[in-house]
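The same chain A turns up in both complexes below, where it pairs with chain B and then with chain C.
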Partner chain A sequence: MSIFHAMNISGSGLTTQRLRMDVVASNIANAQSTRATVNENGEFEPYRRKMVVMEPQEKTFSSFLQKAQNRKALSGVTVSEIVEDDEPFKIVYNPNHPDADEQGYVQLPNVDPLQEMVDLMSATRSYEANITAFNASKGMLMKALEIGK
Partner chain B sequence: MNLFGGTFRTLEQSLDYASLKNQVISNNISNVDTPNYKAKDIVFKDYLAKAASNLEAKRTHPKHIPFNSPRDNNYQLITKENTVFNHNGNNVDIDKEMANLAKNQIYYNALIDRMNGKFHSLQTVIRGGN
Partner chain C sequence: MDPIIHSIANAMPPQTVKAKTTPQKAHQSFADTLKNAIDHVNKTQILSDKKTEALASGNIDDLHDVMITAQKASITLETAVQIQRKVIDAYNEMMRMQI
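Right after this comes the complex of A and B.
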């Protein structure tokens, strides 16, 4: 456990929240993408909304070492995986669209812009909270350097 | 009479406590969106546990190692398991954590200030008041 441990923890929070923002940006950018993947029948499938799954960073060497020493580990946060939303696609009637089916319906991505904006705000606020915690740790370290001056 | 007597040791242990508390709060803040994460906290052990840790075992040989460790910290890390604050099983109250962060920072700065004051007093004595 080094003196920079608290800063590393806040850093892991910053990384995670930034990745969340990246995923939200990707979802918003692809809100109209009808040709994201090709399914087994050779047909195009629309983009599926992505989500970030977070977990405490407990699979590192140092946290296993801490556990072996019967100490509770403080290890920050990490992204375990990015999953896809299984909600059905939006169906829009647009017979002139190149990806429309025989009845004239187009499948659009299951991205809800409102939901994405809320997620983006949540990520921004959490990012700011981590910045504040980082600055607090930094201020304490700088103050500790003044001992004996 | 010890030059770096009781006050320094007390301040030192308090600084230890404050910096560990800072780590715990940082950890809680970085896990504010983690599903099923439970907030951690540093608390002072109760007096019984503290008194028990100060009990000395009977030594039948002078080379036996004593059970108690005098530099044992009297605080410990706990996890708040039994509450739910958010909908995803997470119980980090971000407002509380930010307030504790600010409080802990001021506490730490005050400790450093006192330590410097103590060093300055010593310095004054060493210089004979000059």
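Right after this comes the complex of A and C.
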């Protein structure tokens, strides 16, 4: 339904930003998790920071149809994958920790709380921006209904 | 195109009614298109109700999805109300006509 197209696009943005928020929440919650996975040597590995990768929603039937009709396809957004950050883990000296190595160092997740806060704010603002766009398109439709009143 | 607007546009073709169309046929086709349009409005309301129910029972996890569906239903209903207002206005205009 083309009059609701803008709303559907804003909806996809909202879904994506919410998922981004989930990922940030997971990163913040696991900022101290030292036992996320078990590596091939049977040792615990700390949590790795997760990131979302977004792409335009171009693999849907309607966008292929629009392309076939030589029309510029306007598409929403979708998350293509959630990747892990390859940055090295933080090393902290704490010999009493159960996961400390022989020298007494513990590997902590490569999560930077400051960066996560920035991502969190960015996700919140983007969510608000999508809602503003949604309300604007609703406002346009409601104004159109006032024609000739 | 929005089915409701489309079907209403179909219901009122400007001066293209064929000479062979009997009043009864025209009446029937108008009634059908009106019924289809109202059915569509009803469907959006039912969908919105279902999503609200699913949200309340915890089967849905996208709050904004529910809100968007509710907004779509409200806009469709508002469109239907406006069209109905226009039709009744036109009818009243006809009834006021001096013979």
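Odds and ends about this structure:
FYI, the second predicted complex is superposed on the first by the 145 of 149 C-alpha atoms of A that agree within 3 Å, B and C clash if a C-alpha of one lies under 4 Å from a C-alpha of the other, contacts with A are read in each partner's own complex, and residues count from 1 in each chain.
Following the convention adopted for this analysis, contacts are C-beta pairs under 8 Å (C-beta built on N, C-alpha and C of every residue); 3 or more make two chains touch, one makes a residue touch a chain.
Because the structure is predicted, anything quoted here is derived from the model rather than measured.
When both complexes are overlaid on chain A, chain B and chain C end up sitting side by side without clashing. Measured by the number of chain A residues touched, the leading partner among chain B and chain C is B. Of the two partner chains, neither chain B nor chain C is touched by A:Ile28. In the superposition on chain A, A:Leu120 makes contact with neither chain B nor chain C.
Our angle of interest has its tip at the CA centre of chain A and reaches the CA centres of chain B and chain C; in the overlay it is 40°, to the nearest 10. Once the two complexes are laid over each other on the shared chain, residue contacts for A:Lys138 go to chain C alone; chain B is not touched. After overlaying the two complexes on the shared chain, residue contacts for A:Arg18 are found with chain C alone; chain B is out of touch. By the touch criterion defined above, A:Ser75 lies against chain B but remains apart from chain C after alignment on the C-alpha atoms of chain A.
Touch criterion met: A:Phe4 reaches chain C, while chain B stays clear of it.
Taking every C-alpha of chain B against every C-alpha of chain C after the fit on chain A, the minimum distance is 7 Å. Shared contact residues of chain A, touching chain B in one structure and chain C in the other: 1, 3, 7, 10, 134, 148.
Within the complex formed with chain A, the chain B residues making contact are 15, 18-19, 22-27, 29-35, 37, 40, 77, 79, 94, 97-98, 101-102, 104-105, 108-109, 112, 115-116, 119.
Taken together, the chain A residues at the contact with chain B in this complex read 1, 3, 5-7, 9-10, 12-13, 16-17, 20, 53-56, 72, 74-77, 122-123, 126, 129-130, 132-134, 136-137, 139-140, 143-144, 146-149. Residues 1-4, 7-8, 10-11, 14-15, 18, 131, 134, 138, 141-142, 145, 148 of chain A are the ones that touch chain C when the two sit in their complex. Contact residues of chain C toward chain A in the complex are 1-3, 5, 62, 64-65, 68, 71-72, 75, 78-79, 82, 86.
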